[in-house]
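Next, two complexes with chain A in common: one pairs it with chain B, the other with chain C.
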Partner chain A sequence: MMTEGNYKYIGKSVPRHDAIEKATGKIKYVGDMKVNGMLYARLVLSHVAHGKIKSIDISKAKDLPGVVDIFTYDNSPKILYNAHKWMSGMDEVLDQYLFTDKVRFYGDRVAAVVATNDKIAKMAADLIEVEYEVLPAIIDPETSLIEDSIKIHERGNIAFSKTMGYGDVDKVFDKASYIFEDKIITPKQHHAAMETHVALAIPSGDMITIYTPCQVVFQVQLIVSEALNIPLSKVRVIKAPMGGSFGGKGQPIIEPVCAFLAKETGRPVRLTLDRTQSIIGTRTRHKTIGTVKTAVDKKGKILGRDLDIVIDSGAYHTNASAIAMAMGKKFFRMYKMDNVRYSATSVYTNTPVGGACRGYGSPQLHAITELNLDNVARGINMDPVEFRLKNLVHPFDKDPMGGPDLGNGQIIECVKRGAEAFGWKEKWKRPKDSGRYRKGVGMACGTHGNGYYGAYPDFITMDIKMNSNGEVILNSAIHDMGCGTVTIMQQIVAEVLDLELSKITVLEGDTLSSPYDSAGTQASRVTYVCGGAAKKISEILKDKFAKYSSKILNCYEEDIVMEGGYIYNKNKPDKKVGYGDMVSNIYHQYSMDMSASYTYSSPANPGVYAANFVEVEVDTYTGLVNVLDIVAVHDIGRAINRDFVYGQVQGGIHLGLGMAISENIELDENGRISTLNFSNYHVINAPSMPDVRIILIEEEDEFGPFGAKSVGEISAVAIAPATLNAINNAIGTNISQYPATPERIVEALVKTKK
Partner chain B sequence: MQMMKIETPNNLDELINCLKNADSSSCLLGGGTDLIININNKKLYPNTIIDLSGVNELKEIKKNGSSISIGAGVTLTEVCENSFVKEKFPALAQATSQVGSTQIRNRATIAGNIGNSSPCADTVVPLMALNAKLKMLNGNGEYYHIPVDKAIKGSGKKNLKPNEAIIEIVIPYLKDTCSSAFYKIGSRKAVTISKLNGAVVVDINLNNTIVNAKVFLGSLGPKAFRSIMAEKVLMNKKPNKELLSEFQNILMKQVDEAIPGRGSQLYKRHAIKGMCEELFIRLFGESCIRGEI
Partner chain C sequence: MEGGNQVELNMIVNGKKHNIDINPSDRLLDVLRDQLGLTSVKEGCGEGECGACTVIMNGDAVNSCTVLAIQARNKEIITTEGLEKNGELDELQKSFIRNGAIQCGFCTPGMLMSCKALLMKNPYPKEEEIRRAIEGNLCRCTGYTNIVKAVKDVVIR
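Then we have the complex of A and B:
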């Protein structure tokens, strides 16, 4: 049953707090910020995939009037760090310098120029001549598995490996009558945020203040402190308005460099990357190659699964281990199975570096497994929807690996509701087209998490106070990525305190003034964990306010009513006192401030689920795919802001469609990259973006604020396999490499004809 | 940093003066949708830019006795929305309407598309098929006409002297029995660079027989070219399903001859079938290929 909460603010589609500023162009992104004496910095990135730097000739660049300084490995700290580390005490592989003397990919950081204006900085960067001793490069991750004569790092080419599972997989595969195996490749994907990477660092005294559109202020502070060997207290990081991240700005990539440049020059420095540098020189979605085997019985019960996945970490480690673990965890939380094995190996290659990218491995995992499941269904002649319904997890199932409980997971309901809305049965049974244009349908399921509980410390401290105007300020290190986090927090506080949104100020991350948060905007934790904290601390404030007010109003605490900014004794409804006046009374009568501080530690990490249904039309001549219809059904728990949820789903679908049919960072055998900007790195553009029909299943979660669960990442998980399943269904192929570009589709068609 | 000089002639006389002094490091600026990008990418660093946008004489579409002339300063949006162009030269209207995005078309010009000389330039293919001429002006104040093909060397190189400018694109009227069409295939529906583009002009008699055909293809070599073998296939035939499949086969052959062994050959020889079908639909209507004629 859907619980229709009787809420005033929760579930309402109020606009985001900065909508007007953004729409009118008034908001100041870091790229718009200017401070007195500011210098401009540009990077020089490697143009070979693997090589030792023999020499760097900076003379021409130095001679350019306006160039202030140039930095390379020669005059920068030689401190290894790993930008993935977001919390002190995390034991990570340290393998990256501010500037390298050995380049490991086309895009590795070689030098930075600081100049009095941006044009000069760019020109000077182009005048720097780097001479390399070119080394043989490893581009293909499978080569990296076996090749040990080429060493990308001294520690060898295997960055991380792990096998986990339960049951007796080998035995099942020995006996099973139906086994289906697929090898599936997913691409390196660029996040394609509208705002490229940018940071501004301002030195004053021995303190450096950094403005950055980042996801984790405390991580930026930590990495800058470690990479530059300066105390945490001397680094202040302020989260700036964000022009899109999708994980791409999760790891502090340019912030330590920018801070270093400011420290050395003693002047404010703004460092900006252009689109090409953002594509090649930041982070990418990890490419993966997965070999998946599924054993089933005649009736379509999954008996066992075995997945062996090679993860292309690129040239540096960053989150090579975390991504492998994150994918593995999801593998066990989607279908009920008795025998499962997951083996992952992350390898170094001479290619752009992997990092977080919306979904953190879940899109790749499901791209592999959900494609294979359609082949299983086809093999045993079963409708893929029925087949999945037979095997999906049920609400309140346990994690078979002992991880956090799945909670009220509604994937079965998602599939049923979606199939009905989509008209799956009729479309699935429809006779196949044979002409030039062929329609097909596909679907896929996906799961993701709600924070770090069960894996890493997941807590946030929040401070709240109500002033004598009856206004509330919530202070914590949250980061609005553009998805409406600030407004979500306002809505939660508003609901608890029964106060209009305009009276609630929600601050964002500033390491100097925000209380500590353990993990930032990662892992789909913000609404679930930080929102949970906002609810809890609002309740604490409410209780405190009620306690003191009851003394002033001379009544029982239980009789206190807070309503629309007024507080009163329910037995004397004509004697209403404004929140602000009451705060003032409490100041005077009890010398007490209406504030609270609380550290909220996440109590759970349930699964969120989604089912996507896609209808495509494939042009068998040109290989172009026209996406006709998408139904996305989400197990959301409770939508705090319905339009925001819709926005997240649309955006996730957009990113996943790109992965399905057009997005890929292309490398040649020497590791040179050809997709250097949007003229040939093709995101889905407006004319190609279909409407998405969104259905929300609102079965409240026990622990999320008002029952809410995450949506930001899960929305990008099921769409790629659903789309590729639809394409394969349309044209009778078994394309197993994403993206299904026109060329791949034509090639597959030509092959199947033979 | 070297300074860049911008000349802003306000009429043809001033333009002649600018052209007089032009040398190999001068550049004409139309809409700038190629030029500015090339400058930003440092593929080009002209000393002098001659901005044509102030020359009002170049902003007109004029109907003459036997031809239409499109000024070098006319934007692609103006071309593709012009009702006369749409009616008389659908191939050109279609091509100009499919260049880039709305924003690009609001700035870009045909002259710039020719001047950029990209192998996949979309307006070049129909212009060649329509037998268009370019009216030129040089620094000596001389006016003369050249065929489109002569202005293009290929692979992004134009075949024009620094002191000459395209001032008009002149397209002769077709017989009333003629029709034309353009189609392009890129990697997505819109805002896409052509992987294949083609234009066909046909003359059909009262018997529904093709008595004259011009077929031009782009994106299959350094510059657009005429496919005589395809024209032969169309000549003296009635447009129908069978002819479409002959047309497809001959253009597949044409692809094989144009780009043998290229990585893109497999794709293009297959995809061109789609282009053929679309061209047929645009020229002869949907019904002709469904076998209803």
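Then we have the complex of A and C:
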């Protein structure tokens, strides 16, 4: 249903609030900010994958005119921390220093140079000579499982492991007549935000103010406070314009370093990473190796499923446990099955560090399971759409693991509508091409969440006030990452208060002035949870305004009408008072301010679903894949801003398609990385990117604001398996390692011929 | 190298003549950003692969990170700051806004420059030509859909 409801602002495609500033290039990202006395910092990263630092010769760098100071393990705090920790009380493995004395991956932080200009800082960083005692490295996560002679950390190479499930999986697999097993590998992916990591820290008295394009200001504050051992009240973090994150700027990676440099030098310091450093030295999507088994009966009912997944955490723990749990949760929320087991083991390797990446494990999980399901369908000679429809969850099904209710989950409708729009039946039955260019079709389903309810505290406090101009200010620690969050909040407030968008100011995160938010802009929680809070607090303000206005207008509260910036008694529609004038009247007559504060705690965490359909053409000579058509159907509850939803899907598909066919951080057996820039780390460009046909299913969610659910992460979940299924369908292969690069495709074709 | 022999550079940037001293090794990107304060010009990769630093030099879209500033001697440069005329946005800027072609905005100035260079040479480009013109401009947010749409929209109008 594409109903727009009776809404004035909800569902409308208004431009994002900062579009003009961005279109004119006037917006100041942190890299564009300059403050008096500012120094410039650059990092030195490890060029060996595993080793003890024997010596660091900084003499040449230090002699360079303009170099202010150089910091290494020797002259920096020895406080272990974990940048993944976003709120106090989270019990995490602490295993990182600002600068290390033992490097654990090609890209580990060794030193920082502070200089009077950026060019000198870069030159000085290149002049620092590090001598290592090179240690044997573990690159392959499966080796890490069994290799105990090489210790990346003293605590061993297993970072986390967990098994969960229900039913009797072993019994089902003993008895089932059809069992299909696949081992599938997903890549380490770089987020490729166009803005590399950058932060600016300004010391003033005993306070440090940090400007950063971050996702969670309170997390940056917490980590800086812990890593530098300074009180929270002495760290102020201000969210700066964000040149893309996709999870890559979720954990405070460079902020604690930048804050330290500013503290030590007593001057403002801007720390910038170049592209290579952003690729190797920040975070990546976790590589995973999944062995999945599915048992079915001959009618296509899934009897049981067993997934054993090895998650490559890279050299540090960060979110090794959270990612395993997040992936596991999704495993139980898409198909109805009676016997399910999920076993995950996160291991350390001497490779770049895993972190959040758009979808937080869901893209990997589905890349594994949805590929296997196509093999099941093929094995029992059933159309993969029919097969999935037999097994998908229905609206209002429960989570069999006792997790939050799935809510009004519309995955069946997504598959049906998508199959129809795509022309699935005809294309699936089409005779196979046998020439050089071969077409194929594939599809996949995906699920993701709406915040942290059921797993972590998920609440946000918002302050709202209306001034005597009738303008509204919403103050909270939200972070617009370019998705349009500020405008989404404006639209929600506008709808409740019936006020035009230009009169609504929505502030972003600033730890000094924003009320507390428990979890920041992650976990697909912003529209659902923070949007829910914006709606609730607007309603509270509306009630308060109506209450006082009714006294002034001498009428019942229920007779009060708020409309387009005017408030009146519905029985006296000719006596309209502007919101601002009424606020002023309330000041004078009741000594009362039109403001409110409210802490909203998320009441639910339904599933959000998508089905993607893909048609490809594979060049069997070169292995190149041409993506001809994509249909993406999304169960989003309701679009707050329709264009923004489309934008999220288009961007999510781009990232997921990269995972499917071209993107991988390549490491050799010594852990050296060859994909150091976009010349060989292949992000899909415009001529290779198809337009996506997007269909939105808008069946409202009970708890989301105006029925809305998340879209930012789910958009990247189903596309990779749908694409690889299409490739395998086109050329009759069973490629099970992402990305399906031309080399892998040609290799698979050669194998098929034998 | 800092403190090396400075050379004089004359160039026209956004219609204004500039006469400045630069180091011969300075990239055009750094001179535009640091000396002229034109921070719409972004560095995304430093190797001419992402297009965030694209400017127009004598009518051609170039990556200012791989062009030395002295190569711009006596040439005419346009950056995004130069698109606005008399307080009014260029049609292309308006179209980017109208069509949702901007999300995080970091690639936007480079995209605008590549598209503007295309339109200056070819006022009626086909979709394939638009995509070709921005093949060196990476965007992680939009899947390029609305950027292509925005250029088409300018053409139609």
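Following the convention adopted for this analysis, the second predicted complex is superposed on the first by the 750 of 754 C-alpha atoms of A that agree within 3 Å, B and C clash if a C-alpha of one lies under 4 Å from a C-alpha of the other, contacts with A are read in each partner's own complex, and residues count from 1 in each chain.
Following the convention adopted for this analysis, a residue touches a chain if its C-beta (ideal position, glycine included) is under 8 Å from a C-beta of that chain, and two chains touch if they have at least 3 such contacts.
Everything numeric in this text was worked out from a predicted model, so none of it was measured.
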Touching partner for A:679 - first (chain B), second (chain C), both, neither: both
Partner chain in contact with A:352 - chain B first, chain C second, else both or neither: neither
Larger contact residue set on chain A - chain B or chain C: C
Contacts of A:750 with chain B and chain C, given as first, second, both or neither: first
Touched partner set for A:662, first chain B, second chain C, both or neither: first
Contacts of A:107 with chain B and chain C, given as first, second, both or neither: neither
First (chain B), second (chain C), both or neither touched by A:120: both
Chain B versus chain C as contact partner of A:624, first or second or both or neither: first
Partner chain in contact with A:436 - chain B first, chain C second, else both or neither: first
First, second, both or neither for A:687, with chain B first and chain C second: both
Doubly contacted residues of chain A, that is, touched by chain B and again by chain C: 65, 119-120, 123, 679, 685, 687
Contact set on chain A toward chain C in their complex: 13, 15-16, 18-29, 31-32, 65-66, 117, 119-120, 123, 191-196, 241-244, 246, 274-275, 481-484, 643-644, 646-647, 650-651, 653-655, 677-679, 683, 685-687, 689, 691-692
Partner chain A, residues of chain B touching it in the complex: 1, 42, 185, 187-193, 264, 266-267, 270-271, 273-275, 277
Chain B contact footprint on chain A (complex, rising order): 64-65, 119-120, 123, 126, 436, 619, 621-624, 626, 662, 679-680, 682, 684-685, 687-688, 741-743, 746-747, 749-750
In the complex, chain C residues that touch chain A: 1-3, 30, 33, 38-47, 49-50, 52, 79-81, 83-84, 89, 93-94, 96-98, 100, 102-109, 112, 128, 130-132, 134-148
